[in-house]
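This report concerns only the one structure given below.
Which chain is which? They are A, B, C, D, E and F, in the order written, and residues in each are numbered from 1.
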């Protein structure tokens, strides 16, 4: 049932953005929700992320904005902050995006996201060799 | 101030669906928010859940869908996944409901719910004797 | 770039559930967001809805639950109420699902959804010949 | 199936807060979702609103805050702004509550709520005789 | 009580992004919620938008993403789509941002936002002379 | 770039409401998101909270209501429950506000908030000397 190209392309795209971290996150879903894992590869990374209308840096920016606004998905936000640093965002841009979202989703959303970014940055500083 | 029949009926209904787990969850509220605990028995389980227009299997299905879409109530979702297994849902139906919700609430909502289901299933496998 | 089978299958599935209404709703997206329209056919109806773990009646039930809980998508909810009636739900089950969601998403979510259902039912009563 | 005292008490409480407006709003639900209408009387106004731990002015204040934060229920917010004016809030307190919520739910939530308040105030100024 | 520089700077920034449209939107708030209107000038446009860590094109991109994810603020989304076109986004980037958000907030959020974009684009095509 | 009076006033207001707890929470943001921390002082506590249209007890009440309705910001809710007790709310009023919000945001929102309140109250009982 896999769409072979999109599945393989998506897996490569995900690895290019997130490194091992991203692969492991989706792999953790596989034993319980294999169709959901497959759709993340095929539909999210093999289809949407493959279109060049927005480059990966911009896709990362809008993903961080959307996850900050939703408020609850802090684990996904942490992954996309890591990914964003891999595709051309710097820490200041990420934090400014989060601060900007306080206007539209309120301070708690922005504060939680900023604390998540703080944790990711601290982890990266403690393990500087981890790059995709 | 308790409506005696609905209160008692609701308590029995809750126990029938969730076993000891459910009773303990509501009992934990009692010392801090006794009216909220009472309303869960009377209004939720003694009134809404008592109506037969939807059977308990369908009520469990729609509850899992709604909690997945809301995103933040992972503790309640875990309880309703356990309850769903007790009233006729199988694991595949629960996971498919969660995967289905990715269409309407996005991948992070579905991924978080799938990881909650994974934890519940693992706990049930580790303690197979726990039934209501 | 279309995945031919999923695209065609999804279009048929959508028509089977919603009739002309559904096709027109997605067609309205085509001039502005053709990739989004394509993904609704391929990913939503050609992939998720195609899996048989849940039948169409159950998929409709959980979709109505999720849209009621999210609160804002009343237009989509109206479509899925029409679709639900076409795949085996009756009006009482739809209204009971909406009433059930008051427990998890609050009364305003349920009241708005009930008023949307009321409008759909009135429209169907006024145009009884409209069937898929 | 009605809990007679709570049902009757709730209906009176609702009328005391909202006047004819409130009764009509719930009555509009009756033909489509009679159990939802009944629960609004019995559970919301006959039980929660009946407790004296918070007076009606404070209940109105927190309801306006919550509905502003949720963002989508503008129709309910309009009703509760009318109701709030009937139970002791003045326009400045209502607008300040809405402005305060911009901190926690963002500017769009507060702007939409302020525009709803503007409409209610304009309607009241145009029809000054309408009191409960 | 106005912070003179931020207030004036914010008003100019808002006009630079949105033209007359933006000024009128905030002016509509003034009679009912003057502090909220003032804070939009001072805090949103005179402070956050004034920082150069993100340029206006990127701020518009993340705002469109966040508003799409929240789902309910379609009026604000329409304004920011107009503004985005004024600060360097093209229609394809806006639609792709909206399509991208389907991954994180679901199809209804993206479909509603795409229909809002469609309306804005149609209005701009019908009144091509309206530029800031 | 700091607005000196609002910054200093906001810091004092925050300390008056929350004591050391509040200061530490904002200070934790400083190394990662200094503009967000500054805006919390200047905009939230130096501007909105400084207006006397609502007193601090009422601001606390509506904040607890809004955070309960949003569901995800339990850390902020815990702070505002502590703060509310410092500015004139008693435990019963806080719990009743949370219980009231079950009507508008559903039981999971209210249950999570009640459990957060339970934790705060238990911590205060274990460390009774902690006052601002």
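By our rule, a residue touches a chain if its C-beta (ideal position, glycine included) is under 8 Å from a C-beta of that chain, and two chains touch if they have at least 3 such contacts.
Keep in mind it's a predicted model, so treat the numbers as computed, not measured.
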{"item": "Chains contacting each of subunit C and subunit D, listed by label", "value": "A, B, E, F"}
{"item": "Numbering shared by both copies at the subunit F-subunit A contact, with half separating same from different", "value": "different"}
{"item": "Higher-contact pair (C-beta pairs counted), B-E versus B-C", "value": "B-C"}
{"item": "Interchain centroid distance [CA atoms averaged], subunit A/subunit C, Å", "value": "29"}
{"item": "Distance between the centres, which are taken as Cα means, of subunit E and subunit C, whole angstrom", "value": "30"}
{"item": "Centre-of-Cα separation between subunit F and subunit C, whole angstrom", "value": "40"}
{"item": "Shared interface positions of subunit D, touching two or more other chains", "value": "35, 39, 43-44, 48, 51, 67, 70-73, 76, 95-96, 99, 102-109"}
{"item": "Footprint of subunit C on subunit A - complex, ascending", "value": "3, 6, 35, 39, 43, 47-48, 51"}
{"item": "Touch list for subunit D against partner subunit A, complex", "value": "102-109"}
{"item": "Subunit A to subunit B touching residues, read off their complex", "value": "28-29, 31-33, 35-36, 39-40, 44, 67, 70-73, 75-76"}
{"item": "Residue ranges of subunit A in contact with subunit E within the complex", "value": "43-44, 48, 51, 53-54, 58-59, 61-70, 73, 76, 92-93, 95-97, 99-105"}
{"item": "Contact footprint of subunit B on subunit F as seen in their complex", "value": "71-72, 95-96, 98-99, 102, 106-112, 114-115, 117-118, 121"}
